[in-house]
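Note sheet for the following structure.
Going by the order they are written in, the chains are A, B, C, D, E and F; count residues from 1 in each one.
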């Protein structure tokens, strides 16, 4: 009886914790809104907030209607909460629905950044429906819920790959399909019907507000504690909770909570340091946009192995992911891919490195608190993710292009999406250059 | 003994949860500051922050001195904490004081919005004293603490009516008494000595910063999780805690936590969707101010029945409250009421709809986790709130008008309240249109 | 066995609470970034964010490498987490590391403000290494960990002195050594080689963004709940946890949680009220910068005795600390010390008053929940802190001056540190006066 | 002959001026944010509890290019609408324009105004 | 003789104008944010679900001071590059400057331009 | 005769210029934020790790309308105070104003300045 009571208390504690961390994960929408909004020109800034609102307004509906059912592989979970309360393990299922909802709309927000300042609002609405309704949930099922990847022992604790690399690669492909912003390059180069690269001289379009961008960075940083540490309970307690004894729950928590928090902290710090250092190395000055993005890159990279790697490794991992940001930016500029707010350097590369680094750590330390990581499986998962994402992203954004939803008109792009799509300027009073 | 230990652990957990959610509710002051601050012209923006500071600096004092005593119907709770610690059930009473403090200053902040850009700072200070000291606590006692409404089975779980409709109706009446901003209407129309409406051509005064307004929206959204889910424990555990067994506490929590979190999420999402859709229907474009306010409207509407309605109902409720926002704005403009930041469409209408919707849900599903909702009682409570608020608001703002504290001079209004009332411009360096 | 289970559950709860409050303490970096960033001219604003990033990127590394080991007086705690997990009391040690990390970088951020707009970025990087690596940890050990001050019964519950006065006095001395901003005074007056004061006419350099500054204030306010209430567990449970029974832990929590939360709230409110009132008394108007800083001053002052004083005392303490802010600003201007963002009125004076006030409360109420406060010991601790800080700060900033790292060149100062140090303007698009 | 009327006015007067000018059928105007300093003393502001004087005050500069014939009436209208009678009302300057070109059509001279 | 060319153009045209002028080797230019109101109708914006008309539109004013000889070519270049053919393209005004001084050197007259 | 002095200077020089002019008792001035481009090369900025050139630099335009007699002294003062000797110091242009009106009083001509 004591055992049962203890377990029930722990489940309540777990639910309260999930609500807290889930609220933080939800608040990442604000982080993305300002991270992206500050990095675009002010004529496109409100449009960014509207896109995040779409994630909330429509992404949530889709997730509730059928997205979560696909994700969890259980059709009874469509329209969660409309069924008879008695039929669901309410506490667990709901907690899972809620946190995974936050993760889903985070992943959905990523691609918004790379195609910013030119992608149409109606296109974005359909993207949200398809991404939150199919593309994300299915891969989540594959890697996390009951899919083969999970069974092979693939580790992606808090989603470096499932959430970030998946979103980041979508972002990269979307930018390639949608094509560069007007005037960004002096020439355009088509690669078949689908892809459109810039060529010739490449202009820089500075965004409008570093303060706002930094607000986004700080919000994302604090929310990542919810993202990473909030994943402790989900992975370990949620599904097997009926068998879990109180003692077992305590053990898992006592092992994972300190590890994840420490690693999150260290990798974030490493990312900041790496980006400061990388910027200084390349340009002779540490620049704020690389640095701020470096913090996010570190946090993205650590998701995968956050309960497995050790803190020193985490810091170094962060340094690596932060330091390459200016390089990624330069490379994309050179290739002719216009990633408007530097999404790829943050989610795509750092997500990939983080996913593989867990395998590397597995070479150093085979087992930790009962978890084993294998380089092979990590690589396999990575490759599967590339394949899956590429196919889906090409179908999605290729489709948008085919039906003419990919871009606003040139006139609208010149005017700016705030006025063209929403008739509301972001700063009605301020004089802007 | 195990029972006692378990209950005490749960009480500690409950206190920690209350501190967390209470901090979120407190942080809603920031949300209101930026929601309102971004929607006014920049010459009145700092004045808004000062009003929120007044809620904190003076509202808190009043709440501590006697406000909470009225609210809880117990005069021993004046100057809480100065009495002998042994005489109070410290953990419960204090937790209640703290969370209800946050609710009180939230409700107080609402009316600030409708009379923004013209109401005097000294008037506002007195308003805070009277609202936090009498107007709010007494109605709170009526509906929540031990008053008759509670005894009749009135449901207002997290305060759609007590906090939001109450504040929102005050806002509406205040705007009618204070009169429109200078130049907003081409003519003015007096209705007796008290009311002053605009007539003739109605100008639009755009605010100055959508980014800031959206920051307010996002902050309010995340804080509403504290507001709604933090209400779980108060209602169910606080008063009857001495009899509550650990098992009973767990049951209540296990029933309410998932329900409230899911419904909060769904109704917020519905509000966003509704407002996007409503704006598109009326103006052909989804506009950011309606959309952002839609999220808040959804969150306001769900407060009342958050532990009672089902998630699909919550989403639809949100859609309704969001979609009518542009209509409410247009109607008020037509009637000649100058609600400077659109407070009424968010707190007044959504609060009212939310309170009544709980009754509607009661028609569909009579009992849920032991709670019953009756359309009749819900309507009665709504009517009582209208009567009470109307009387109080008319006395309060009529009084301000009588003694000349209602408005700043025309010159001050032209200069802007930042310089006129605080001699500090919001953006000393920026050139403003 | 029940006891053990109960204690382990409480430890898990405690860890979750620490992670939450620790994340809030970490988020204070955002608070400082915007508090300081809004109060400087826009040409130096991004530089402020970069300094906060340095705290995170480099301060964390130093803290992990050796800072925490000094702080806790245990060399085994260098490179925490790289040792064998079995050898550390993982849950406790880690929780301590994490929360104290947040406190350390908060303290480090304080001095950044007074020397803003002129101190070089490379100088700041070295300052972070030395402050987080030596200056802060050693005094922390002295007063908190196992040092003599702790043993004499010195009370500094959440660090009015250790964190804030320590940082604030460093800020004051740094400003005296670095000297006033270019053109702030019509003349300069050297005091020996080391100090440089302004003389003659004193100009005011308004910052650029009150909205941003207020965002910083609100963020700091909510985070201080983490800072103060999060200290409950550290002081009482962390070290002695092996002996602590579940019952004892519950008792401590039940005593401290309500007290600290109530006092935090009251002193913050008092600070706001005091500053509004002080500003009105001196200038005839309540000004927003004093008011916002007043909230922080109140929160700084209460740290020391937050679990000991009573709420009425807390409010009055807040009023005192808030009301003197405009006086402190005027005095420093007169003496010729250029404290760019008014750091001293917030951290130095309020920290000092708070530390001593705990002694004053001890005269009124000798013992509370088993804690005793003595005016003598409080004064002694205060004097020791002055001596220690003065010596360290003079060595540090004198050193910077000696090697030429203290200031950027006049040209760079004129251009602004954003462009001079990071080549990135904060608002690339906005026209600025 | 084409003339340029340059008026520096109080920002809050722009709508009145514009409304009155519309009656006259002026061809267009260009408005610039400026900061001015004349006989007006400036205002006192507070920054963190410390008063200080701001000497440059926000004004609007209106530029209207018209043919000679319309100058007088427009100047009179602006004077009438922008006047408050207290210091700080601003000034109007009239000067010569040698040529005007309408970019859209390439027209030159009087007809381009 | 020194002349001042004042052109009011669409903001998005500035880069094209500047690029073309660079070919001509103009001495320098000064750009100001202005708001304009001419035959162009203004645009409709929405604020909280309510439409309203914004009559002043954002424009850029370019000022170039040159010697008499260069005026024609520069004006033509601006007209060519800034034209879209629809209402709102802006205007160019040319006027006389009596004297020019280069602050750096103190030079006066034509050579100061 | 009334003249208009238009000076484009470095923003950081405004206070020195103003202080010196105050000695001369000038009637007033109007200041505008502008962006300039002359022999000065522009500066290099970084955006997300990528360097790029910003060609327009922030300058201030001062406009002072005075009677003929005061022009020389004011121009000299501005040149003296605004000069650093390096490229980018700016220019001063003097032109004719046909009429000046003080809005507050309606005065015209020299006395309105």
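Simple rule for what comes next: a contact is a pair of C-beta atoms (placed from the backbone, for glycine too) under 8 Å apart; a residue touches a chain by one contact, two chains touch by 3 or more.
Given the structure is predicted, the values throughout are model-derived calculations rather than measurements.
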item	value
Partner chains shared by subunit D and subunit E (touch criterion as defined above)	B, F
Steps needed, at minimum, to go from subunit D to subunit F via contacts	1
Higher-contact pair (C-beta pairs counted), A-F versus C-F	A-F
Same-residue or different-residue interface between subunit A and subunit B, half as cut-off	different
Where subunit B and subunit D are represented by their mean Cα positions, the distance between them in whole Å	45
Chain centre separation (subunit B, subunit F; CA means) in Å	52
Multi-partner residues of subunit E (each touching 2 or more other chains)	32-33, 35, 45-47, 51, 95-96
Two or more partner chains touched - positions in subunit C	2, 6, 9, 13, 20, 24, 206-207, 209, 215, 283, 285, 287, 289, 422-425, 428, 430-433
Touching pairs - complete list by chain label	A-B, A-C, A-E, A-F, B-C, B-D, B-E, C-D, C-F, D-E, D-F, E-F
Of all residues in subunit B, those that touch subunit A in their complex	2, 6, 9-10, 13, 17, 20, 24, 41-42, 206-211, 214-215, 218-219, 221-222, 225-226, 229, 246-247, 250, 253-255, 257-259, 261-262, 265-266, 268-273, 276, 283, 285-289, 291-292, 294-295, 310-312, 315, 430-433
Contacting residues of subunit D [partner subunit E, same complex]	2, 4, 18, 27-33, 65, 95-104, 106, 112-113
Partner subunit D, residues of subunit C touching it in the complex	39, 203-207, 278-279, 282-283, 285, 287, 289-290, 293, 325-327, 329-330, 333, 342, 433
Subunit B - residues contacting subunit C, complex	1-2, 5-6, 8-9, 11-13, 15-16, 19-20, 22-24, 26-27, 29-30, 33-34, 37, 45-46, 49-50, 53-54, 56-61, 64, 79-82, 90-91, 94-95, 97-98, 101, 121, 209, 212, 215, 421-431
List of subunit D residues in touch with subunit C within their complex	35, 45-52
